[in-house]
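Shared between the two complexes below is chain A, which pairs with chain B and chain C, respectively.
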Partner chain A sequence: MSTALNALPLPQAHPGAARVGIGGPVGSGKTRLLEQLIPRFIARGIELAIITNDLATREDAERVQRSGLIDPQRVIPVETGACPHTAIREDPTLNLQMADALEARFKNLDLILIESGGDNLASTFSLDLVDYWIFVIDVAGGDDIPRKRGPGVLSCDLLVVNKYDLAPYVGVDLPRMRRESAQARDGRPVLFTNCATGDGVDAVVDAISRAVLFDQP
Partner chain B sequence: MSPLGSSLLALQQADSFFPGGAVAWSWGLETLVADAHLGTSPITTIGRRQRGLRHDRSEEVRAFVEGQLRHRWNSFDRAFLDAAWQAADDLQSLMLLDAQVEALTLAEELRQGSRRVGQSLLGVHVALGTPGAAPYQQNILAGTTSGHLPVVQGLIWQKLGMHRDHCQLAAAHGLCTGLVSAAVRLGVMGHVDAQRVLTDIQPLLLELLDEAPCAPDDASGFTPMAEIAVMRHETQNLRLFAN
Partner chain C sequence: MLILDRILGQASDPALADRLHDLSHAGQVEILSLSGSDIQRHRLRLASDRGTDCAIRLERHQQLRNGSVLMLDAQRAIVVQMQDQQFLSLQPRDTAAALELGYFAGNMHWTVRFAGDTLQIPLNGPETDYLERLAPMLADGRVQRA
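Here is the complex of A and B:
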């Protein structure tokens, strides 16, 4: 028995959690996306924790904590002093400190998802804070957003265009929005989701896994 | 004014929390980044736990800041800042200095930037009731002078009681901070590298300040790459900054 165990390769030291940012305008569906991502990652055996940067309340954190999807202690709100973009870019130290604290508390964390407080199209994540970041816009916010090429749309690792189910109700030409998103992204990934139902979310999980969880079985 | 009192004023005036409209100006950096003159970041995502390890562009940013500090601020703006500090009680001389800055700044976008930042700084001091601010603003509104940044700094900071060397320190440091902060907002570097660049530039800044400023008649500015970038800025598609 013990010889058989000894024959197994030694487990590698745990490499620490990958940190993934989720940014985008207010109401685009960032928290909803989180709620869709959580059970999928847990089903894949990923050790997960969440940081939310609510603008003025703890509503997002509490919503996720109460969702029953994840141990509420693994969901932490970080206040941003009314500056959501500062907290993920110019001065990400509070988020960094909270992510470090989560990793210290929950050993073997694989992934920390950081939801930014809703911000404008110019908000971007500091690469000192995250390994990978997603920018979530939604179809109902206007099909001109990809065309406007804000820094969020251009420089994120993955652009998620959410709420495609609403296209017929808001007069959005979905094929055209797909085309223009792809043009703006110039070959970098874009995914369309319906986070109300979960359609398209598996592809987001795959993209995150491929990019930052590749050392997972 | 005691040295400590003057230092305290300099800290306040050079603080990026002090509202002076400086956040909106990149002085050519935005165009250089867009044209990949500041190095490029790899398109592909590097993997897990590689935070902060992506292609580091602090060397390029440092070089840009050094160019601006040496060949624009030290040899040009600083001369007018110091002359304005000495002439703070003499409206005619101040306006003459202002006219010289206007005439000697080739690129329209640099001229406009210097004017607009100068005028917003002055506006804050008018609101604060800083002596000398309101009369100078009257002249700008009447169209008799331009309100360029170094002239306004020299005037206002002298009136506040800041020592001559502290004014230069505040202006130089404020310039460096503004440029590095623009680089962070352009996604070129993170918050730690930004502070590293500011630390690395300090010996140069102190070395420059160790020499006396030149006289306005000897002032010169030569930052061709940044100036061309600034001139091309208005035709760029994506513009977060005013220049």
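Here is the complex of A and C:
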């Protein structure tokens, strides 16, 4: 490596926060995943903030604010009105403004996690809004979801199949669901989690870190 | 891992083009090949055509384009190349089919481009995924590939 004087790095301004989307059908465990991710990122020294998108309430934001896991001021709700996926795809303006506001307020943010309002299998994130996005489905939603090849499942950066603990109760053949998820994803990442207990969540933290927090020690 | 956090300019800029030309003769220009959607990202980790592990990290107001130069020194350059965007072109049989196709594409939240009497859909993923969805309309001739 060159050690010429003019190649010495200048002291860098803070590079801004990575933005990561968490989408998926209502009830698949997006907020629960958030609640499992928050303490893990904080333990790694990551400066974190959260945006939640809700139809017409602030329920998810209030739940995370009350959780005691994170400074409540770092959790902001966006009320999306009728059509939650529009706010993360066709018109992410509101979410972009919230993310910018969080970065202005907390100067050293490394990561903003954005939970979508709960969508169908066709929802995707605008890459204007996020650098990386996760789609969360759950085992109880049926083992045919990967076979249905919805755009969310196909085009996300990371597919999380949550609630694997429920497989025996809902008659889901887990090995088969693993196989078919991998096929639908054509080699791109799929992780299985139990967000009730936190099993498998460390691997999600690792995947996010590798993809967008590469400048963190 | 090599962090690339600045767009130095475009490969076509006269100030850069000569240096890139010389480096390319020495085989020292590396290409980062990005899809039409990946090029929108501000943070992205990927390998160059020479296998260099690159981590792109741009400020929010910056935007990658085809030909963006992300590194340039005496030894090497790294340049973004946008992969050609593939389109699926569809032609409806009549007005009724056109209405139906337009409604369907909107419902799928596909991006579309209008070109005369065809509808063009930029493909984000395998073409078969799109054809699968369109199968009923293609099967009975309401819509055909243009």
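Things to note:
In this text, the second predicted complex is superposed on the first by the 206 of 217 C-alpha atoms of A that agree within 3 Å, B and C clash if a C-alpha of one lies under 4 Å from a C-alpha of the other, contacts with A are read in each partner's own complex, and residues count from 1 in each chain.
In the analysis below, contacts are C-beta pairs under 8 Å (C-beta built on N, C-alpha and C of every residue); 3 or more make two chains touch, one makes a residue touch a chain.
Please read these numbers as outputs of a predicted model, since none were measured by experiment.
After superposition on chain A, the partners chain B and chain C collide with one another.
In the superposition on chain A, A:R188 makes contact with chain B only, while chain C stays out of contact range. Shared-chain residue A:V212: touches chain B and chain C both.
Of the two partner chains placed around the shared chain by superposition, chain B and chain C are both touched by A:Y132.
Residue contacts after overlaying the shared chain place A:P151 against chain B and chain C alike. Of the two partner chains, neither chain B nor chain C is touched by A:S67.
In the superposed model, A:T93 makes contact with chain B only, not with chain C. Once the two complexes are overlaid on the shared chain, A:P15 sits against chain B and chain C alike. The superposed model places chain C right into chain B at 38-46; the other stretches listed in 38-46, 74-82, 164-172 or 200-208 stay free of clashes.
When both complexes are aligned on chain A by C-alpha atoms, chain A residues 15-16, 18-19, 89-90, 122, 124, 127-128, 131-132, 149, 151, 154-155, 211-212, 214-215 touch chain B in the first and chain C in the second.
Within the complex, the chain C residues that touch chain A are 1, 3, 5, 37-38, 40-45, 55, 57, 59-60, 73, 108-109, 124-125, 129, 132. Interface residues of chain A, counted against chain C in their complex, comprise 2, 15-16, 18-19, 89-90, 100, 122, 124, 127-128, 131-132, 149, 151, 154-155, 210-212, 214-215.
Of all residues in chain B, only 43, 45-52, 54, 181, 184-185, 187, 190-193, 237-238, 240 touch chain A in the complex they form. Across the complex, chain B is touched by residues 15-16, 18-19, 89-93, 122, 124, 126-132, 149-151, 154-155, 157, 187-188, 211-215 of chain A.
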